[in-house]
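For clarity, chains are labelled A, B, C and D in written order, and residue numbers in each chain start from 1.
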Amino acid sequence: MTALIFFIFAGIAVFCGINLVVQTHPIASALSLVGVMGSLAVLYLQLGGEFIAMAQVIVYAGAIMVLFVFVIMLLNAGAEATTFQVSRFVKYLGAILLAAFLGLISLMIQSTLPRTEGVLFGAWQGTTLDVGRKLFTAYLLPFEVTSVLILIAIVGAIVLARKEI
Amino acid sequence: MILENFFVLTLIKVAVVAFVLLTTLAYLQWIERKVIAHVQLRVGPYRVGPHGLLQPLADVVKLITKEGLIPSHVNRLFYLLAPFVAVALALTSIAVIPFGPQITIGPVTTWMQLTDLRIGVLFVLAVSSIGVYGVALGGWASNNKYSLLGGLRSSAQMISYELPLALAVAAPLLLTNTLDFRDIVNYQSGYWLGFIPRWNLFPEILGFIVFLIAGFAETNRVPFDLPEAENELVAGFHTEYSSMNFAAFFMAEYANMVTVTAVATLLFLGGWTPPFPEPYSDFIPIILFALAGLVALYHGLNPVRRMDKFTLPATALVFLGIAAIFGLSLFVPVAKAILMALFWFCGKILVLLFVFIWVRATLPRFRYDQLMRFAWTGLFPLSMFNLLVTSLVVALTSK
Amino acid sequence: MALWLIPILPFLGFLANGLFGKRMPKALINLIAVGSVALSFLWVVKTLLALQPIETKYIEHYYTWIQSGTLNIGADFAVDRLTAIMLMVVTGVGLLIHIYAVGYMEHEGGYYRFFAYLNLFMFFMLVLVLAENYLLLFVGWEGVGLCSYLLVGFYLTEQFATTAGNKAFIVNRIGDFGFSLAIFLILRQFGTLDFAKVFAGAQGMPVEAGVGILTTVTLLLLVGATGKSAQIPLYVWLPDAMAGPTPVSALIHAATMVTAGVYMIARSATLFTRAPITMDTVAVIGLATAFFAATVGMTQMDIKKVYAYSTVSQLGYMFLGVGVGAFSAGIFHLMTHAFFKGLLFLGAGAVIHGLHGEQDMRQMGGLWKYMKITGATLFCASLAISGFPFTSGFFSKDAILVAAYARAPWMYWIGVLTAGMTAFYVFRAWFMAFTGEYRGHAHPHESPLVMTGPLMILALLSLGGGFINVPHFLEPMFAEKPENQSLAWLSAGVGLLGIFLAWLFYYAKRGLADSFTKSIGGLYTLVYNKYFVDEAYNAAVVEPLVEGSRTVLWRGIDAGLIDGTVNGIGRRSRGVGSILRLIQSGNIRSYAAWVVLGSIALLIVVGFAGGLR
Amino acid sequence: MPLNAAVPLSWYLILSAILFALGVAGFIFRRNIITVFMSIELMLNAVNLSFVTFSYQFKQVDGHIYSFFVMVVAAAEAAVGLAIILTVFKNRATLMIDEVNSMKY
């Protein structure tokens, strides 16, 4: 069951990721990104991260991506101009580099990761309680700092979005 | 036995819930029309069936048989995807809503709930938060400036009202200290001083109000139905939609209403726990239905209209039958558990739904800037304040 | 006992005045400036009473300041009898001078700045006195140097003032250089800078016949001392330093800072006593300075210059004292000198104040009519400095002279001669200023009580201060020298002779002085121009330095070498950049691709160059 | 392998690597600022996945908390970034990064 779910949603994720790259229309890319996030949320659940899965959906899919879609609609961004002109370096090397990067990473993962037991759904649950406990004890300072960061972001966004800039 | 199998059991539950829910949605619309009509001193649907009882059926037939036309220059994929997304997400969140306590029918022991998720509340929040895509996409895909505006408005509005909603939800969670709907309801069972139910409503009255208002906005209901403000943008995001697509949006709206009211019931009104202590609360449904039946019977015996001779006694019979069923169920524990829970749960939901409809019939629509200002300067600080006070109290009282 | 409170109080005053003084009323500034010093004075008194009798050294350790390897320098203060005297002098006289300054600076600009600097100076001076290790002492040492610079150049609109400030600062640098070298040597020798440990270590070392480590150290310390205490050859800055306001001259350049060198030598007595060569050097330098400055002092016409040179010469006395091993006598003279020289300067300041800034004695005269208090107090001070019997100078100076006689008679004789000259020039100044008829044009007037009050207190101290038996008090620290009354009386007699001559030349027969100077014209001009020392230094040191730095450093090294190198590097990098520029296409996506390339390289390095497990 | 067997952890990591590479690809090959931005979000998501995976490996929730922080940062970044994009569009009337190059000369 675990493997099945993993394959299904990993497949969806990869497909949507590819779709994000190849689609010319921003909206399509945005929706495929939402798809990626949704499937990742499911994988999180599988990995026992119930809270993080929900947070993924609420924050990423529900807020950030909605913001993206909103902006895309607002700017009514049309399909990208198909004139595919990038620097020579990228045109010739980009794909190769990426392939090499991917291969190396996979190789390293395979070679380094201890052959521990695989993931079984429900074998371990990082409950919301644990997350909350840790977040408000061990990680209290980072938490507060992020709140400051968000405040800064809000102010920055408002300033940027003012009329007379 | 086959019934113990998880899949089979779930399938059965799903079938039952889906049937009941869809019927409810259909009739919800009838109820709405009726209520609004009576508020406005009209009679509302009256022709199809007695008191227009068959109106929903007729509507469904109409909608199905209509031509589902797709305007030119629309983004076909998203145009068709949008209503599907909307209704699917709207129906999904029902899956984690428990309708009653754990019951045991013969060998099978199960919860009156489709899936028992430990993080049901978060799940509902998540689903409702991505529910905006349906509206936004629909508005954007149907290549129409009114629709686009509607979509934009709805997405902005939903993002804005998501915050107060979440904060208002967080407050009772602080009290109950769990994310599981059933634990929340169990926490609210019991009574203060023996007769005041221990619902979160009383400590969290502020949160409840905020939740309801935000709920109006989340479901795009009056007075926050900006996305489909007829007199500004013809019908907002579903201007271009017709037949089943239109019906899907409609269903989504009502399903969202049901979800919001159900969540409100679970979080604040103690779910299926009766408002009165055990022995008295058992008789309330009997008395209620019996009274209704008697009234109907009385009017049937001295009718004012031609058909009343036949319809009202029939209704009376139905009501009395229900009353009888409740009465009998007092002697069958299982049946009693199920029926009582369902009665109280649905009763509370219906009351809240009535409030929704009532508000729609009463209040005018906000202007867009008013809507936003209200969200950010009124509702958000209010819910924040409520959350802070609650957390303070919890911190002080809990050891 | 909270010794730290003593320096911190003035420092707080400095902060308050320095930061907010601009917006504060003068009354508040005075309150803060004087009040802080007064508080710290009271605290000193309380402390000393509480520690009474200070048989052993009382040390307070606050925190470890520098901790590196075996080196461990703490921020600790200590109080022993020597420190006690210094504390009393610094805070007491400092307090009086602060009060005086309130009146003196009444009409000056930059009021708050002045008092802020003054408080800062008090802070550093007290740190210097309280310090329990050489580094902390050095901090105070440099700090007072800084404040002296700031205050000498206080009238920063005046060219001469700023140049004088620079001169003081630069000349002091030379001395401080020697001092810092000495500190490094001490560190290398004893592995610590705490006085207690260093002296304990030195106790075990024999008295050096030749030039050993101790001699080197002490000589270097001496260099520092000569710089700070204006001894030959580094005395030139002090006369110019008179450009500062008179309270500054009184506080810094008479009472406290310039005596820091003497204090430092007395503090390091354990080291000096084991380096006889240094001791002789100290004594000779002191003696030479005393005599030499006295001669110059006899000819000066600017009243402050006269007192400045007398300061130099009195400092020479102190050096003589410590040089011949009479440390207690040196400190004794330090204290009394603080009294009467502070008084002299304050009196001069009162005169100048009364004459609206006139400093030339030829423009004075007959002031006795106008300012009796000032005249009287100045008279007391002059008596004290010329060693009139039973005034404070009598005891302290003669203690030194007696000790000098015990060391080598010729020193004693020169000292006596100098004493005579001292008496001569101070009274010359007094007679020129206060007797005869007024030759100036300003309208003299007596100073307000706020200025004359300190004068009177100091007058009492300079008359009676000699009965404070400092040598006896310091006995547990420095072996006391034998008294020899006859010698004392002799020097006192010579002092009286000097006074008589002054009276003769500048009161009884005025013409006599001029004819006398004419008769010895050449010598007189030589002395009057301070032996052309400044000019000599200019020709010998300054000019070559400037010239050399212009040709060698600027043209040669800076322009040629450094600029050449820099330009060369610039050219090279431009060449390299022209190649690297191709990467900087300004195309963000190619940047990203480069990043990917880099990460791949990193992966290869980490993954296959054994970065794994 | 049977469909209800356990899934090796490394697969999750490889999946995250693939997604990350896809994000990089999007970053490199796309010209629309918004799409590029979304590619960055994709990379962040990939990293989150590996965080959560590791947190499963060590049976610690720290990984979850890290990815939670990543989300927060991403939210802030999205807010500011989209505001910047809006401003750029207002001034330049374009969303193609290659055409926003006045800093280049």
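FYI, contacts are C-beta pairs under 8 Å (C-beta built on N, C-alpha and C of every residue); 3 or more make two chains touch, one makes a residue touch a chain.
Because the structure is predicted, anything quoted here is derived from the model rather than measured.
Set side by side, the interfaces A-C and A-D show unequal numbers of C-beta pairs in contact, with more at A-D. Each chain gets a centre from the mean of its Cα atoms; for chain A and chain C, those two points are 71 Å apart. Chain geometry summary: the mean Cα position of chain A and that of chain D are 5 Å apart. The mean-CA centres of chain A and chain B are about 33 angstrom from one another, to the nearest whole unit. Centroids built from CA atoms put chain C at 90 Å from chain B. Those residues of chain B in touch with two or more other chains do not exist in this structure.
Counting partner chains per residue, chain C has residues 587, 589, 593, 596 touching two or more of them. Residue positions of chain D with contacts to 2 or more other chains are 24, 28-29, 98. All chain pairs in contact, by the document's touch criterion: A-B, A-C, A-D, C-D.
Residues of chain A touching chain C in their complex: 86-87, 89-90, 93-94, 97-98, 100-101, 104-105, 107-108, 111-112.
Chain B meets chain A in the complex at residues 75, 78, 118-119, 122-123, 125-127, 129-130, 132-133, 136-137, 139-140, 148, 151-152, 155-156, 158-159, 162, 166, 179. By the touch criterion given at the top, residues 586-589, 592-593, 596 of chain C touch chain D in their complex. Against chain B, the residues of chain A that register as touching in their complex are 27, 31, 34, 50-51, 54-55, 57-58, 61-63, 66-67, 69-70, 73-74, 76, 127-128. Across the complex, chain A is touched by residues 585, 587, 589-590, 593-594, 596-597, 599-600, 603-604, 606-607, 612-613 of chain C.
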